[in-house]
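Shared chain: chain A. Partners: chain B in the first complex, chain C in the second.
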Partner chain A sequence: MPRKLGILRFNMSKLTVAVIFGSRSTEHDISIVTAIASVIKPLELSGKYNVVPVYIDKQGKWYSDPLLSDINLYSSGNIEAFLSKLKPLAIRMDGKLELVLKRKKVITIDVAFPATHGTHGEDGELMGLLEMAGVAYVGCPMPAAALAMDKALAKTLAAAEGIPTSKFEWFYARDFAADQEAVLSKLADLKYPLFVKPVHLGSSIAISRVENSKALVQAIEVAAHYDDKVLVEEAVNNLIEVTVPIIGNHHPRAALVEQPLLKNSNLFDFETKYLSGGKKGKGGKSGAQGYSKLPADLPPKLYKQAEETALKVYKTLGCAGTARVDLLIDSQTNQVYFNEVNPLPGSLYAHNWRQAGVSNVGLVEELVDLALEREQESKKLTTAFSSNYLKQY
Partner chain B sequence: MQVIVDNLAVNYELTGSGKTIVLLHGWGDNHATFNRLIERLQARFRLLSLDLPGFGGSQPPLEPWNLDNYAHFVASLLKKLNITPYAFIGHSNGGALAIRGLSQGVLDADKLVLLASAGVRNSQPLKRLTTKTVAKAGKATTFWLPRDTRQALRRKLYGTIGSDLLVAPMLEQTFKLTVRQDVQADAEKLTLPTLIINADHDPAIPLSDGKRFHELIPGSKLEVLSSTTHFIHQEETPKVATLILGFL
Partner chain C sequence: MNFRPLSSLYSFRLPVALTYMLQSSEYQAKDYLRWLARTRDFSRVQHRRHLERTSKARLIEAFLYLGMGLELLIGIALIIYGIITPGASWSIEIGAAVAIAYPFVWAYLVVIPLELGRLLFVEPNQARAVSVAEDIFAKHSGTIIAVAGSYGKTSMKELLKTVLGSRKVVAATSANHNVAIEHAKLAGRLSGKEDILIIEYGEGAPGDVAAFAQNTHPDMAVITGLAPAHLNKYPSLEAAARDIMSLSGYLHDKGVFVNGDSEALKPYIKPAHTLYGHSGVGEWKVSQVKVSLQGTSFKLSNDKQELNLSSKLLGRHQIGPLSLSAILGVKFGLKVPDIESAIANTEPYEHRMQPYELDGAWIIDDTYNGNIDGIRAGTELLGELPAKRKIYVTPGLVDQGKETKAVHLQAGKLIAAAKPDIVVLMKNSATGSISEGLKEGGFKGELKLIDDPLDFYNHLDRLVAKGDLVLMQNDWTDNYA
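Up next, the complex of A and B:
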């Protein structure tokens, strides 16, 4: 049954942190878990903040109520009934971020903590909004988030900066629809097996591994069904896939290099990542991200190389706060390739940070501090000044 | 694997080698329902199992569908994958779908296996009457309540009487269209060799439905398992697989 609405209790001496989650994304539900389990609860546990959940529903309406931080509200299927009793938020952005609740009650946000995944949130859109509002926010700045969420752009930039990537091509879905042969001839130099990916989607949605041209066409159709831009890249031989969570602004540091373990389909897909819950096994760890080796089973030199490559990618793309860099390693040639950056890792990769010696609470506290540090720096930059330019007109 | 069929993203699995058997799951189920059965058939056959639109990892239809829409969809998928099926295996509503598609000439195969097939839509008059009465009485007595309270109550009522609608509430209109579709007249038109397997104490599909299909489908063979489950391909996999392999 629908619940009663919650009551906001604020301590004026504490920072007010708005955790923003949900949104119009195929990863909407994953975002709810990240927000509640990995952000809101640790922020509350730290005792340092007034924590305000801000939920964006699948239609894009914004809501805030203390009870929106209860996972049971979503898992029970009562969320829609609950929302029908709430008034969507109004937002004011005049030099600061303010949430206008019912009866004109206003909450001024000190720090925004995006916990959205995928489109309309992780991809820079939300960060752009927060940038316009002039509020400190956790995680990658808008340009880095937008770059990271376009797999083709990220690879193009990394390659231009001398970071190895597997051979790839990208194209617009509309060009494939208009002239399939022209696009296929552009791909003709790539060697099978190939991976086909929608460039903007996360959580391995609609990613296919193909062995021949017939399967390639079908895989492109699938990717183009979800996205307007498609990336096709060569698979790395003798593959070891690793992922490196990173934290920091100017002096980023890596958590442990983690090795997700593949299932038979040769693809660490949505089901493995989020639905299967992982399998227990020797040396492996299961969690929100499935089953993985933590730390990765790599020779020390290769481990170091992976860490350094990930940090170089992080800096090249202009990441800040936190991000996760995925790498592909050819275990025969010891070549490390950049694969993609996740600017808002699912569950913040808290399981990895925990093993690296950073608690969930410590992680969110550090992220809030990094957001404030970045805000202070951006305030020092000159963005507007008086001039007599208009006098000539 | 995913493929785009009629502008819908569709999830499917293709395993084994040999002549192709297409497996159609029931309402609210998905392709994985056949995993155990596939393990026992894949040495001799290539098996295509799919999530029908609205179920598992496949996108829901953009408008309400009936069995004919589903049959046309299966035909489009087969064409896209360039597959000529040797046989269909349909469980529950997947059986009704196969019967309808084959009788209308939308689908084609050499053989058919019906597992606890649905499609005899007047076989549970008491349950249907209860559902109808509860639905009508519910509508009449709750129209004045707020919408969300009404829906919560409705869920509870349908749950109490065990309606399949609860399995996929977002497909309500499609559910109404498909379960209204009786395929007895279609079954009569079938000419392909058909194996019918039913459980004697299936709580969802009574044995009388299997017997009815056996009467209607010329030359069909009926096998009755001593079981209390509707999911005979999961609970009685070895027996079902042996019967199917013998028939195919």
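Up next, the complex of A and C:
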């Protein structure tokens, strides 16, 4: 049964933080868990903020109610019935970000905390909206988020800056549909095994590892089902996959280099990450999702190299707040390759930060501070310019 | 306008809330009535725990439902009578009053059958059982050790049981059960072949300890400490001290071991008493102390013998009780290796300086602690142990009577002296005094005030990181909230 609607209780001396989650994305459900478990609850526990949950449903409607921060509402399947009693909120950009709720109740937001994954959120769209509203927001700025969420662009930029990447090609799904042979010939120089990825999706959704051209075509069709742009890249031999969560604006620092365990699968896929609880990665130290070796089992020099590469990628893409950089290592040649950047890591990688000595509460507090720092800096920039241009008309 | 308190009063679940309040007050009318008087919103009384439906609880719940239902029906009947009967408007007013008053009437009325039951059945039965037990204790050939004090009784009793029980036949009162009927239950379990009996004495009211001594005939006594605790039942700390020290009087001050580390006990120490504490027991001296999260180790020696003791119990305040247990082991003829082995087997008891690891952080759970000496011991330990970040958590102490403000002020200073990075206080009536004490003690860290302790404890993992050390002391259950 739908619950009663909640009551917002605000302390005017505290900052009001809106945690925005859900959205039209294949990672909608993961976003709910990230928001509620790793963002909203720690923000509440910090005691420093008025926390406003803002839920974007799968149709793109925005809602806000205190009870939307209760995970049981979603896991019980009562969310639809609950939303039917709520009125979608309206957004007012009156020099600041305001949420207009039922009975014209207005909440002014001091800081927005995006907790969306994938499309229509993590990919820069939401950050663009927040930039327009002029509100401080947590995480990567819009250009960095858009770049990071386009694996092809991110790799192109990294390669241009001298950061090693595995050999890759990308193409539009429509081009593949129009002329399969032309696209396949473009891929002919790549050596199997290959990875086929939808360019914009996260959480390893629709990623395939292929050994021959027949499987390649099928994998491209799967990827093209989810995305309009497809990336095909060579697999790294003697692979060690590591991931490095990073926090900071101008002086970013890394948490621990973490080693997801692949074992029998060869692919760190959605199930391994979120559902199997580490079934595919037995023997590793338990992370938040129970699948990683933390810290990664690397020789000190290689560990340092991985950390430095990740930080270089972070800066090159213009990341701020937080992001997670995924790297591929050839354990024979000790070559570290950039793989991709996740501008809003699932659950903020709080399990990793906790082992690095930063609590989940400390993490969200620092992220809010970084957002405010970036907002202060952007206010110093001149955005208006007086000219005589219009006088000629 | 918040209508929840009013609606909770007329909620269908009011009898459940009232039964829970009685159960949490251990069916003590005074405690229940005090809680009842300060409760505004009955929908929130079951916050930390819920009603456990024992047969007694079911009976009370049914009694309340029936009583309240009947009164409501009578009220409605009177109203209807007033409406349909010309000239009987008085009936409407009386009916309305009867119907409105039912929650108040039955919330108070429920204690009458309880008190009658206590007077007519429970107390006479208990008196008979205690009388039979008194005879059993008087005739028992074993050595009877009484353990009394404001705090640390159960831990002391368990330590003695572990050490002496390693080579002797020992019987003891169970858990923290320490009133006359529990002593009688112990007597009922005895075979008569025990070498040693260890009996814990609680403090329920002035005169209790003296009565326990008369009933159980102790040969020896351990007085574990004195601090403001249970002061809802004693008029003052002096009154509590007099009651506890009456045990020494019973023994003519012979064979009485007194915790010399307890500041408040010092005025009551007599020359015949043997003191135990962090420096040793009598002529036995403590040296080479090492304290860590893994436990406490030290050497205990006199001119002739030496014991190397290592326990998993945490903190310097454990040295006294550990030493006394070891020395009593020597007195009862145990060999040194047996004593050392028994001490090595001692582990922290649940919620009493109990350490556990949480995602790389160390938590010391001392939520059972309820006195200022415990806070002193805990904060000393927090100050002594190395950690990347030190976090201290407390709601404050309960049952401190007139000492409440002074004790919490002192608690604040003790906490500040441990130099924690973060202090977490559960918002309640003690918060102001602790905060004041923190300020006076020069606390420089971050102070967090928490509205919902249960929520905080349930999400502790979000607040800690690897390298943190968290000390959680004291806890306020629903009946103190």
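Assume the second predicted complex is superposed on the first by the 379 of 393 C-alpha atoms of A that agree within 3 Å, B and C clash if a C-alpha of one lies under 4 Å from a C-alpha of the other, contacts with A are read in each partner's own complex, and residues count from 1 in each chain.
Throughout what follows, a residue touches a chain if its C-beta (ideal position, glycine included) is under 8 Å from a C-beta of that chain, and two chains touch if they have at least 3 such contacts.
It should be emphasised that the depicted structure is a prediction, and the values quoted were computed from it without experimental measurement.
Enquirer: Looking at the superposed three-chain arrangement on chain A, would you call chain B and chain C a clash or a fit?
Expert: The answer is fit.
Enquirer: Looking at A:Tyr172 after the superposition, I want to know if it touches chain B, chain C, both of them or none. Which is it: first, second, both, neither?
Expert: neither
Enquirer: Look at A:Trp62 in the shared chain and tell me whether it touches chain B only, chain C only, both, or neither; answer first, second, both or neither.
Expert: Neither chain B nor chain C is touched by A:Trp62.
Enquirer: Would you sort A:Ser84 into first (chain B), second (chain C), both or neither based on which partner it touches?
Expert: first
Enquirer: Once chain A of both complexes is superposed, is A:Tyr226 in touch with chain B (first), chain C (second), both, or neither?
Expert: So A:Tyr226 only meets chain B here.
Enquirer: When the two structures are overlaid on chain A, which partner does A:Gly47 contact: first (chain B), second (chain C), both, or neither?
Expert: Once the two structures are laid over each other on A, A:Gly47 reaches chain C alone.
Enquirer: Once the two complexes are overlaid, how big is the angle at chain A between chain B and chain C (Cα centres, nearest 10°)?
Expert: In the superposed model, the angle at chain A is 90 degrees.
Enquirer: Tell me the contact category for A:Tyr303 with respect to chain B and chain C: first, second, both or neither.
Expert: So A:Tyr303 meets neither chain B nor chain C here.
Enquirer: Once the shared chain is lined up, is A:Val358 touching chain B (first), chain C (second), both, or neither of them?
Expert: It touches chain C, and chain B stays clear.
Enquirer: See if chain A has more residues touched by chain B or by chain C, and give me that chain.
Expert: Of chain B and chain C, more residues of chain A lie in contact with C.
Enquirer: Nearest approach of chain B to chain C by C-alpha atoms in the superposition, in Å, rounded to an integer.
Expert: Once the two complexes are overlaid, chain B and chain C approach no closer than 23 Å between C-alpha atoms.
Enquirer: Inside the complex, what are the residues of chain B that reach chain A?
Expert: The contact residues of chain B facing chain A are 1-4, 7, 9, 57, 80, 147-149, 151-152.
Enquirer: Okay, in this complex, where on chain A does chain B touch?
Expert: 1-2, 78, 80-81, 84, 206, 208, 218, 221-222, 225-226, 271
Enquirer: In the complex of these two chains, what residues of chain A are touching chain C?
Expert: That would be residues 41-42, 44-47, 350-351, 353-362 of chain A.
Enquirer: Which positions of chain C touch chain A when the two form their complex?
Expert: Going by the criterion above, the answer is residues 359-360, 388, 448-450, 455-456, 459, 461-468.
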